[in-house]
Amino acid sequence: MKPPVPFVWKRLLTITCLLFCLLLPALFLGLCAGSSGIQFMAVYDALTGSGNTDSILHDIVWRIRFPRVMLALLVGSTLSLGGLVFQALLRNPLAEPYILGISGGSAIGAIIGILAGLSRFPGVSLAAFAGSISTLLVILFVTSGQSMIKKDILLLSGVMVNAFCSAVIMFLVSITQDARLHSIIFWLMGDLSMSETGQVWILLLMLFPCFILLFLLSHSMNLLLLGREIAQTTGINIKGVTLALLITTSFMVSATVSYCGLIGFVGLVVPHFLRLLLGPDHRILVPACVLGGGAYLVLCDMMARVLPEQGEMPVGIITAMVGAPLFIYLLKRSKSR
Amino acid sequence: MTAVDIQHITHFYGNRPVLDDISLSIRTGTFFTILGPNGSGKTTLMKTISGIENPQTGLVKIMGRPLQNYTRKNLAKTIAFLPQTIPVDFQFTVTELILMGRAPHQGILGLEDQNDLKIADEAMKFVGVEHLAERRLDRLSGGERQRIYIAKALCQEPRIILLDEPTASLDLAHQIHIMDLMERLKTEKGVTVVMVSHDVNLAAMYAECLLLLKEGKIVKTGSPNDVLTKHTLEKTYDCTLFIDKNPLGDFPRVALVPNKFKDKQEKDLG
Amino acid sequence: MQGLKSKLKCGYISVTSFVIAGFVLSVAVQSHGKDVLDQLGRAVKLTHTPQRLVSLAPSITEIIFALGRQHLLKGVTRFSDYPLDAKKLPKVGSYVHLDLERIVALKPDICIAIKDGNPKAIIDRLESLGIPVYAIHPLNVAAVMKTIQDIGRLLGAGEKAHHLVENMQLRLQRVESIVSRTASRPGVFFQIGISPIVSVGTDTFIHELIVLAGGKNLAEGPVPYPRFSREQVLGLSPEILIVTSMARNAIFDKVKVEWSRWNNMPAVRNERIFMVNSDLFDRPTPRLIDGLELLVRLIHPSLLEEGR
């Protein structure tokens, strides 16, 4: 007699706690390390407010590192979750959060904002957000109606929109010759350094409901993987769920990108990585991506700030250099089982 | 009591009518099989009954209520559907998949309780896949997968089960196994079985009622003896056939006639 | 007589005390912070003469060293390479991508920034963290001289600044007088970009220097850094071709060889293709005058010989 399958919610709680225990030290490390040095005890004092902190370190920890670490957490969570959802929605393992035109649209918006001389926040951020929502609307228009549920149409439209946007971006970059070119390049490479605490709280307010909604839809995501027909005849409103997933995820990724530019390689690697470790059930993967993806980017960002001698390197380099080999290793291990 | 009642449905794809003024009735607890050549509209009919496709005209009633009156979940508790091809690009285990069949009875997160686990367990036993419980679905054979999907369908606790060519790519043993499973479903649980089949003989052996479709229209409906006559079948399928009485029981046996035997057949009969 | 003397004494004492009081008060007022206006008209809060300074651009570093105030400098940006001693100072990132944390950790009293170089977002954040930022915005040679004086005043090196600027003006006047001896203004093509070919428009230091050195900037116009195709350059028929050394010598040789294929160009025919150190031409520092003198030597070599 086989023992009954353990309840999903028990597994969920266990994994959530485990990942939380991974996240908290990651956050602490992120606050301890920076381009001006690594200080454990002093930062611990600064956090617990035990009075013997020198005010410069206090400023550095709370006003420079804290918003940055928080932003890294939110961005890591969002990109991982975005990749997870699009991989399920489009039933394609190469899907990543920018695939439905978000990278192209937001980049064009940001570049136009930078060229117009707008300030980083809110000007350029709003422009980037507007750009990515515009491309989303274009894609929705192109795939409107029944055909949206056919997964390849969404994917193809996204790829085409991104390709077109790339051309526009190349053109805009080629005609820019002054200092604004630097701003554009840094935006395109992704940059977690440009936000203050207040701005990060605003982002959290925008993202939190999205996380909740996507968690509620996680069971439906499982069923979507079985194909339209089975999903629908098992009680899922596939059109409604598809639309909800698409809009929520696009909104969430757009908001994130408008804060920090295009940080790559997180949304592709983390969901696969977690899926190899934890299995394909989205009810577990959604919170895992939020916590695990967040921890991943916090750690990568910390390394990006500490490793190079001359200031920081773009965090996208670390996520790729860490993510790719790790992923290949896991892939080999899973194949051999 | 009528499980499925279809009145004058017509379904167009573009300008072409795939179903042309179809009316039929399926009584509860019967084993109903739909036959017909390719393109006759069998799959579209199944999709119409299950609510996946909407006919342009006509009415579909399930268990006496019009299809539109069902909520999606309630419909899923009444009808389970197994399409012809199911994607296998996921890594769920057998148990996880079967438990997904409980979705119509669960909340939005599908968190399963003791009752769900019990029903899933019984479904696994019924189709005979308990030994595969922890295996990954994409590593099993077609026949095993088919049984697992039936177990999942059973978890929906449906009154009607629709299967679109369930034995199409299975070997002989698995074909019979699936058909016997359907028979048991009907007799032990009173589930109405509606199946599309391309295998005329299997249909003859199991179905109580047959529907023969051609180009979206009903050719004939009735018991196997009524429907599977040489004249009807040859006209529908447009090929030469040899039909005799199956030694196993009171139903016909249909054989294809290759060209090289056509003259011999005529000589024997004529 | 006695009464008058004592009254005068009283008078002297009271006047002196007033003066002293006034002096003390004004000093007291000063030490309670005066708002200095920077070159963008922004009010920069200063409580005392800065003791700890971070320079946010290589040109600013140069100026601080030239004023002899390098002992105040606690941090510089990555390409602060002149004078050589500047390279030893702690780095705070590059001037387009400043490292906020490192700047804050150096506890500066003030940072000096340059508009159209440093991103405004970082400047805003520095100020929100309580670090005053003095911004400069020199657009031409005269403005550079004013900048040197402004920074000199800021850092308590007013006299040195004055001397520096006087010297610069002297040399400038010398150049002007040399150049005024001829009406010829040879066409100069000043190439700052190799691939694509980029030159300088009217709104740049280089243009001003070319004009002051008695040349004609063939790329003058509203676009600050216009791009040219090789055809277009040939069409301009430059008499002098100057290439800046953002590239190294090896690449300059390749560039020279490339141009030398076109011997219809006057600069090629007369072998007047030169390489110069870009730092003398695009940094708003005293070395601009060095650049100017170099240009005169390249554009009007005969005039200089005559002058001797």
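Going by the order they are written in, the chains are A, B and C; count residues from 1 in each one.
We take it that a contact is a pair of C-beta atoms (placed from the backbone, for glycine too) under 8 Å apart; a residue touches a chain by one contact, two chains touch by 3 or more.
Keep in mind it's a predicted model, so treat the numbers as computed, not measured.
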Inset, instruction - Take each protein chain as a node, join two nodes whenever their chains touch, and name the resulting shape: line, ring, star, complete or other. - result: line
Legend entry - Chain of greatest Cα-centre distance to subunit C: B
Inset, instruction - Round to the nearest whole Å and give the separation of the Cα centres of subunit A and subunit B. - result: 44
Legend entry - subunit B and subunit C, separation of their C-alpha mean positions in angstrom: 85
Legend entry - For subunit B, residues that touch 2 or more chains besides their own: none
Legend entry - subunit C residues within the subunit A interface of the complex: 78, 91-94, 96-97, 99-102, 104-105, 107, 116-117, 119-121, 124-125, 128-130, 198, 224-225, 227
Inset, instruction - Could you please specify the touching residues of subunit B with respect to subunit A in the complex? - result: 47, 50-52, 72-73, 75-77, 79-83, 86-87, 89-93, 95-97, 99-101, 103-104, 106, 108-114, 117, 120-121, 130, 133, 149, 156
Inset, instruction - Could you pull out which subunit A residues touch subunit B in their complex? - result: 2, 4-5, 7-9, 91, 215-220, 222-223, 225-230, 232-237, 275, 279-281, 283
Inset, instruction - Spell out the residues on subunit A that touch subunit C in their complex, using ranges where they run on. - result: 34-37, 56, 59-60, 63-65, 119-121, 177-179, 182-183, 186, 193-194, 196, 305, 310-312
